[in-house]
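Shared between the two complexes below is chain A, which has chain B as its partner in the first and chain C in the second.
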Partner chain A sequence: MTITLTGVTKQFGAFKAVDNVSLSAGERDFVVLLGPSGSGKSTLLRMIAGLEDVSSGTIEIGGRRVDQMEPVERNIAFVFQTYALYPHMTVRRNIAFPLIMQRARGWHHLPFIGSIFKRRIERMPEVRERVESVARSIGLDEMLERHPRTLSGGQRQRVAVGRALVRNPTIFLMDEPLSNLDAQLRVEMRAQITRLFGQLGKTFVYVTHDQVEAMTMATLVVVLDHGQVQQIGTPREIYEHPANEFVARFIGNPPMNIFVGRRRGDRIAIDDGGPVLALPEHVRRQTADGAVLHVGARPEDVLVTPGSSGAGTAATVSAIERLGPETLVGIVFGENWQRRYGETSVEDFARLGGYSTLKPGDRIEVRFNEDRLSFFSPETGQSYSAPATIQSATAEALP
Partner chain B sequence: MQSNERAINREAWFGIAPAVLLLAAVQGYPILRGIYLSFTNTSLLSPNRSTFVGLRNFTALFNLDSFQITMVKTLVYATGSVIGAVVLGLAAALVMNGAFPGRRLVRAMILVPWATPQVAVALVFVWIFNADYGVLNYALSSIGLIDGGVLWLNDPDLAMGSVLLVTIWKIFPFSALVLLAALQSVPASLEEAARIDGARGFAVLTEITLPGIRRTILVLVLFLSIWSLRRFELIWLLTQGGPVRATNTLVVDLYRQGFVNAHLGRAAAIGVVGFLASILITIVYYYVEQRSARRAGEA
Partner chain C sequence: MTGRRVGGVARTVAIVVMVGLTIFPIYWMLVTATTDTSRLFLDAPDLLPNFGHLAAFAAALDDTALLLWLLNSAIIAVGTTVLTIATAWFAAYALSRYRFRGRGAFGLALFATQFLPEVFLLVPIYGLFLTFGLLNRLEGLMIVNAAFVVPVATWLLKTAIDAVPREIEEAARVDGAPRLAIQISIVAPLVLPSLAAVSVIAFFHAWDEFVFALTFISKADLRPASVGIASFVGELTTPLDVIMAASLIYVLPTLIFAVFAQRYVIGGLVAGSVKG
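Then we have the complex of A and B:
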């Protein structure tokens, strides 16, 4: 089912947790809402689910307006960060619960007496088979009679997914479902969720602050900050063509390096004594000669060579982090380098392939992959985008 | 190794000895003395002269029709006050658990009955229930529900209800507070998950919330039951167990036997019956608690 949000806003008193968000997701999109804590991503998801009211704006699922409906009427599934398994029920009853609620009459909910009827519903062949086939599909069939308390974190997570699957919902909403798992299990579950997405062919909306999850799982990433959409795009667009400096710094680890430069004719000079780099045509069209720009370079586009032959810009190694397949090199340029983020980060980073033998204090030379730089307006932080570039990236990334 | 352990054990015994001795003196001795008294014909008039009479006090008690009435009344009083206090307390706790303006004030106000001394409560309600001048009869007759003169405390058919009403009003704040604390420990995400899974209002309460506070309710029922078996002042001050034994619970009967009829031995026997009833309730509690722990996969 498609999801369309139009001007969705959530206001808590004077504070806007979600501010005028509009987006539309296609039939088989894996949408990741990505942002730092407090960016409004969970609130937005909860509004889609119907757990929070919408202050203004509309939400449509499959072309049907749902923002005034009860959660159950929206036919969505929701996986909570804490899994929210019912502790007093067995795994079987947890998974069967949505089916039991569909079939139970009012008085079946009475304490004591109702339990007889709920057990009868649980044993109805269609319910039983559905629960068992879901359990089999996620490898829980051995654990149906156990209680959540006795399961491991990964197993609990799977029960939560099973409960979401059993009702055959049209949309899957997940609120940081992997954040309570250890690193190794997280990788495993990430693959499982991606596989599930592929099998079901349904729309997923997934909240996370972990950019690795966004980059690896999403077909569409929505970057949020302070309740506002910063950028919507494929993982590749977001990474290669960040719409503004927030996205540039938030995506990527270490973040994009950002320098201050001044346009000199058809080129841009990074400060006094810094390199003079090529300025793409679309940026030249949008700026005047002499204008100040912010220049962004991903760490892998910062090229480092040892020594001081004069071929690049002289700098010093300030830190080395060897990660195995790659090495992160902290770089300090000459004192005249004006830094956009001078106060929060005193060094820039380069990413080198393999195991580097550089040491802190070594003299190095730096050059840039000039055709892969980003340029931002210092006043607004917005990228001088080339619309054509982004469109072509979209076309490439979508299957 | 073994002697070492024994030394540690000895030290431990020294450590807890003061507490054990104190408990033995102020709890153990009176209990044993009470049990002993129940096997004698001791009189309040000459408490130091007593003859051992075996089970005669007990057989006499159980042959009395009036004692059987007392047992029934005790059961009615205990059940009524526990159910009333839990249901009303739960309703109050659910209201207080929600967000509404003035919530803090309500939370403070609801404690007033619990904080008021029993004697004051009883005296106030004696006046409220007064057949001729009481505000209850005045209010009900002015809106036309009754025409005057209902004997709330002096009509054998109404007295138990009136006493229960006062009791529940007095004790429900306690259960409200205990249940409120338990409600706040039920994660909001469970109720949200249930809403998404298709449970609405009442179903969320009975399927998710109540099972979540089930063990607190059990402990609460245990305490309230035992307290209701021993509640004396309120009943005595309202009705003295009357009219015609309509509110004559175990402890009221005990007081009457011991300090009105001066029959200490028989009073002690009633006390032993109450003691056994409390133990029985506790055993039932442990059984139920163990069973639900097993069910939840903890044992």
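Then we have the complex of A and C:
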């Protein structure tokens, strides 16, 4: 099912938790809402689910307007960060619960007598088969009669997924489902959710603050900050063509290095005494000579060579983090180059392949991958993006 | 002896003393009930019950309306318990889950009601009951007893509901459970210990209640046991052994109820729902 949000806003008093968000996700999109804490991503997800009222704007699922509907009428499934299992019910009853609710009449909810009818529904062949096949598919068939408190974190997580699957919903909503798991289990569950997405062919909306999850799972990433959409795009677009400095600094670890530069003719001079770099044609068209720009370089586009032959900008290694397959190099540029970006001193990073033998204090030379740099307006923080990326970002944003 | 041993012994002694102080009145009731009236006022009283002498029990059961009074007490106590839970539950749920103007003030007002002595309200409630025709009716006592328990019950249940994670209720909403069903089949089972505690409080309050029953019930066959037993105290004679025998019978159901309810007054049910 497609999801279309138009001007969705959530206001708590004077505070706008979600501010005029519009986006549209296709039939088989894995949408990741990504942002720092307090960015409104969970609130947005809860509004799609119907757990939170919409202050203004509309939400459509499959072309049907749903923003005034109860959660159950929207036919969505929601996986909570804390799993939110029913602790007094067995795993079987937890997974069967949505099916029982579908079949229960009003008086089946009465205390005491109601439980007889609920047990009867649970034992209906169609319910039993559905629950058991879902449990098999997520490897829980051995644990159906156990209670949640006897399960491990990963198993509880799977029960929550099972409860979401059993009703065959049109859309899966997940609110940081992996953040309570340890690192190894998280990688495992990440793969399992991706596999699930492939098998089901349904729309997923997934909230996380973990950019690795966003980059690896999403077909469409929505970056949020202060309740506002910063950028919508594929993981690759978000990484390679960040729409503004926030996205540039938020995505990527370590974040994009940003320098202050001034346009000198067809080139750009970095800071005072920094290198002079090429300025792409589309940026030249959008700026005047002498204009101040912010220049962004991903750590892998900062090229480091040991020694001081004079081919690049002289610098010193300030820190080394060897991660195994790659090495992160902290860089302090020479005295001739006054770094000016930001209020506090910003450390620059380069990413080298393999296990580097550099050590702190080593003299190095730095060059940049000049055709892969990003350029931002210092006033608005917006990127001077290439025409192609403007189009793709807005095409997603404004259907 | 090590320090730990001394501490253990001291604690055991303290517990024995406390239990003794609690049990002694009941034990003395038993002794008095099974002692012949002629031997009750000796300088050296009998210290052990004499199970051969059960005449007082026979007298209490045969010559008085004790069983009827106990039935009245039971009806009032059960009615009070049901009424208390039905009322306090929704108040507690609203206080815990909904934000509304004056929520804090309402919570404080509930506390404030506890400072008013019952006797203080006797006359106004009498006037009210006269108007509504609730005098000489067991329903009237259920209402007035529940009125005094509901504030405490509301606070107890509110605290318990506060501890139930909201996500569990939201999950149930997404799964299609109606709002009332969420309260009944999701929240209530998770606060069962508190519901049991509230039942115990409401039941005992109504079972023990004396002043309202004495004032509002004038027909002998509508008396609860508390008032009924007190009526044994005569102007000229007071049959102590019969009073004690009747009192023992009066205490017995509460002991059984307490043992039954205690099973549920044990926490830890919420464990395992969310990551702990």
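What we mean here is this: the second predicted complex is superposed on the first by the 376 of 399 C-alpha atoms of A that agree within 3 Å, B and C clash if a C-alpha of one lies under 4 Å from a C-alpha of the other, contacts with A are read in each partner's own complex, and residues count from 1 in each chain.
Keep this in mind: a residue touches a chain if its C-beta (ideal position, glycine included) is under 8 Å from a C-beta of that chain, and two chains touch if they have at least 3 such contacts.
None of the values given here were measured: they were computed from a predicted structure.
Student: Should chain B and chain C be called a clash or a fit once both complexes are overlaid on chain A?
Tutor: Overlaying the two complexes on chain A (C-alpha atoms) leaves chain C and chain B clashing.
Student: Report for A:P98: first if it touches chain B alone, second if chain C alone, otherwise both or neither.
Tutor: After superposing on A, A:P98 lies in contact with both chain B and chain C.
Student: Thinking of the overlay built on chain A, is A:A77 touched by chain B (first), by chain C (second), by both, or by neither?
Tutor: Both partners, chain B and chain C.
Student: According to the stated criteria, A:H109 is in contact with first (chain B), second (chain C), both, or neither; which is it?
Tutor: Touch partners of A:H109: chain B and chain C.
Student: Could you say whether A:R156 touches chain B, chain C, both of them, or neither, answering first, second, both or neither?
Tutor: second
Student: According to the contact criterion defined above, which of chain B and chain C contacts more residues of chain A?
Tutor: The larger set of chain A residues in touch belongs to C.
Student: With the two structures laid over each other on chain A, which partner does A:A319 touch: chain B (first), chain C (second), both, or neither?
Tutor: neither
Student: Once the structures are superposed on A, label A:N180 by its partner contacts, choosing first (chain B), second (chain C), both or neither.
Tutor: second
Student: Following superposition on chain A, which residues of chain A contact chain B and also contact chain C?
Tutor: 49-51, 70-72, 76-78, 80-82, 84, 86-88, 97-98, 101-102, 104, 106, 109-111, 114, 147, 149-150, 163, 167
Student: Write out the stretch or stretches of chain B touching chain A in their complex.
Tutor: Against chain A, chain B makes touches at 187, 189-190, 192-200, 202-203, 206-208, 210-212, 214, 295-298.
Student: Per the contact definition, I'd like the list of chain A residues that touch chain B in the complex.
Tutor: 49-51, 70-72, 76-78, 80-82, 84, 86-88, 97-98, 101-102, 104, 106, 109-111, 114, 146-147, 149-150, 163, 167
Student: If you look only at chain A, which of its residues touch chain C in the complex?
Tutor: Chain A residues touching chain C: 49-51, 70-72, 76-78, 80-88, 97-98, 101-102, 104, 106, 109-111, 114-115, 118, 147-151, 153, 156, 163, 167, 180.
Student: Touching chain A in the complex: which residues of chain C?
Tutor: Per the touch definition, chain C meets chain A at residues 165, 167-168, 170-178, 180-181, 184-186, 188-190, 269-275.
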